[in-house]
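Shared chain: subunit A. Partners: subunit B in the first complex, subunit C in the second.
Moving on to the complex of A and B:
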């Protein structure tokens, strides 16, 4: 078993090295596609970090994504890049704590609706501020960051989200969250501080989303609320995570990658009907794969489990 | 169930993969000129793109191909179009253009619709060395962008230009004793309204106009009657609304209902749309707005007739960016034909230095910007004529005061 682990770790390192060298070998189009893949992998995985174990469906992805992008739009030309990212992290974290403390007492549909409203609330606040205080709407991002830099930063972020997700799963926090997801009342009776656990994880998840927004912002040159607070992003991330299966760390990535490729394929081959076909595919996913790709995998494993148990017993 | 779903998913993946990594066909001799564009066919930008951009692109391609194609040296080569939907998203627009450049290997690219998307694709077109004739972007950074990206041309100019021209016109009319100096201004709380009101505010103050009312309203405001009624109570000489199409129609309708009839009634984007004339008929008379064109000139009349004949259900072009968009295509065509081959660098050079004969008159860029624009137009007898800057060739004398609203 430990030999297998070692092999898996080595394979992961090799894979990572290949991914890191990718921008050197591919043209601008495949680089853009890779950026899209990484963007949604990080967003969907970060979404799954919180929503997987707790089963709270959040539509706030674009709120954090937009705040990250706006941080860059405001500070990008004034401060050095690492500092800008650090500030984006701080803003995302503070916002998530405030939002978390005030809303994670809600559950079920109420929470879904609140998170959807949150994105709109933040968007309106930004517009109000820009209209009445700064008197500019639509900001320009001229920073010295190439597409390759964006790719590498997203890759680093993807590694970070998986490592942190892996650590959380193995921590007391991860265990507590799984109990909360099963039954919140039971969790409380076990002495788990439900609020602290949920807010902590919500914050970690939100920081990743904020950073994705910040890293992606230089790609568009021009930022306005309707571009970065785009509700479609929230919905796409949920669909991706559900397709993959949100109850495992690597599940959302299994949804994000095929769906990003599929969107790209549809946009390229059916330019006038892509939105329509996408809608049909979303319906098919929810109907045909209620437990996601991970669900298929788990079924597959369950069929093989007896034999493995036997083998392990012998060993 | 499980296995059939697995097969379905695998099939989808396989199709996706195969299509994505499909290799381009073998390189052929120049039998066609490939022109690509990504426009917003869906999403919030779809309306603007459908009125201003798409009909002109389609009409131009049809006309060029009907004439045998673009003239490269001594032969004519037909245009082949590759097009995508950017779904009104900056990321999708960027990716579509990268696809056009590296996958479809198009010879030239026509720009997307709107300020945001033109800025999003600016760096990509610059890096790949494609000419970028932005004909639907209004940005105060146009001079700076033209310097940063020497391949880019900003045909609609700056919002400061729009606001200052309007104020200049007001100063002139006040000098002629046609209006007093009370101004009421409202603006939509979005890029356009903020930029224009931001430029108009100091310009009005500098010209000693009294700004009696200065408020913004959120995008998508349905009920505009409170604003119109508040403004009416102040009885200003000049009413300025830096508005978007739905509010332009709403404000005008409310003003008519409330019989609010200032000497100058100016509304923003949408005033120049054919829809405005359809909706208000004779009541459009005297309404001013952003844009305008030389409605008396023969090439514009000819363009209007051709557009009506070419567009689906005889749609008319708008009286602002439509003609500029078509003119930008004429410039591109003339530059390509003067160079005589697909040499993008030479085409950019020709665009920077050459003079072009277009439906909006002779155009020569200075620092990649045109030297004249139409900023203020007015509906006069069923046509939206340019009235400002008054120095432009073909500028009409504005009808002031605006005639009273009639019952519809």
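Moving on to the complex of A and C:
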């Protein structure tokens, strides 16, 4: 077993090295595609960190993403880049704590609608502020960040989201969230402070989404609320995580990669009908694969395991 | 409050709209005692348990548990003080195996155990309730009585000073019932204090030191099982007033 672990670790390192060297060898189109893949991998995995164990479906992804992008648009030229990212982290975290404390007492469906409304509310607030106070419609993002830098930053963020997710899974916090997802009443009677547990994980998840928005902002050079507070991002992330299977750390990535490629293809081939086709795909996923790709894999293993146990019992 | 009293409830009131579900309830559970909370359906028993375990906040009244005033305290804090509970409709964690179900009760206890100790403690608790070698089985694979046992093991994992059992014996067949009664009695012999809501008369007679009977939110009788079960007010509450009265 430990030999297999070592092999897996080595394979992961080798894979990471290949990914890190990728921008040196590919052209601008494939670099842009790779950035898109990383962006949605981090967003979907971060979404799954919270929504996987708790089964709360959040549509607030774009709220955090947009706030991250706007932090860069406002502060990008004024402050050194690492400081800008740090401030984006802090803003995302504070926002998540406030939203978490006010919404996580809500039940499932109310939570979905609230988070959807929240993203719209923040978009409208930004528009109102920009039009009435800053007197601009959009903002130019002039920072000295190349596409390659964006790629490497997203890659680092992807590594961070997997490492932190892995650590959470093995921690008491991760166990607490699984219990909450199973039965919140039981969780409370086991001595779990469910509010603290949920808000903590919601915040960790939101910080990653905010950072993706911040890192992606220089890519557009011009941003406005309708670009970065786009509800489609929230829905796409949910579809990806559900396709992959949100109850496993590596599940959402399994959905993010094929769907990003598919959406890319659809947007290029059927620019007017892509949203419609996306909706049909969403329905098919929910009907055909309720537990995602990961669920298929688990079923396969479960069918295989009892036979092995029987054989062991006979032996 | 006497040193030997684990739970003391005074003047407890909780209303839902116009319905007063628990009305001026006074009761105590002494250390090492099994107290039965009886009464017809809808008399306020489960509401009383929910007030004690913090699921509901009382409108007024006092609840003292293990030296703390717990009226209105959050459920998880009450649990950490040592209040274990099972539910009227059995609640186990179906997505987890038996060992994980019990670890749920162990992992958040103020006296933390190391990982290895926790696994050993989970297996010990499973054996304690009669689920030997079940640690790796999924909760969904268990029979009804074994699910009840698993829920009890999780409650015991909190090292409770008081155990609340909400109809833990309901739905068991006659032979399972004997096993269940023996199990609860063995917990009492270990010195555990238990407050149980129950309808199974044999269980009440053989287990309870004392009973409190509720009807329409009020306490209508209190005393030994034989005394309360022959009390005319209790019989009337359960069966209605005699036709010729």
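Couple of notes before you dig in:
Going forward, the second predicted complex is superposed on the first by the 296 of 315 C-alpha atoms of A that agree within 3 Å, B and C clash if a C-alpha of one lies under 4 Å from a C-alpha of the other, contacts with A are read in each partner's own complex, and residues count from 1 in each chain.
Basically, a residue touches a chain if its C-beta (ideal position, glycine included) is under 8 Å from a C-beta of that chain, and two chains touch if they have at least 3 such contacts.
Computed from a predicted model, the values in this text were never measured in an experiment.
In the superposition on chain A, contact of A:193 is made with subunit C only, not with subunit B.
When the two structures are aligned on the shared chain, A:274 is found in touch with subunit B, with no touch to subunit C. Shared-chain residue A:179: touches subunit C; no touch with subunit B.
Of the two partners subunit B and subunit C, it is B that touches the larger number of subunit A residues. When the two complexes are overlaid on their common chain A, residue A:288 makes contact with subunit B while staying clear of subunit C.
In the superposition on chain A, A:221 contacts subunit B only, with no contact to subunit C.
Subunit A residues in contact with subunit B (one complex) as well as with subunit C (other complex) do not exist. Taken in their complex, subunit A has these residues touching subunit B: 27-30, 32-33, 36, 124, 127-128, 130-132, 135-138, 140, 142, 216, 219-222, 224, 226-227, 230, 232, 258, 261-262, 264-265, 267-269, 271-272, 274-275, 288-289, 293, 296, 299-300.
Those residues of subunit A whose C-beta lies close enough to touch subunit C in the complex are 172, 175-176, 178-179, 181-183, 185-194. In the complex of the two chains, the subunit B residues touching subunit A come out as 2, 5-6, 8-9, 12-13, 15-17, 19-20, 41-42, 44, 83-85, 87, 89-92, 94-96, 98-99, 101-103, 115-116, 119-120, 122-124, 127-128, 141, 148, 189-191, 194-195, 198, 216, 218.
By the touch criterion stated above, subunit C contacts subunit A in their complex at residues 53-55, 74-77, 79-80, 84-85, 87, 91-96, 103-105, 107-110, 154-155, 158.
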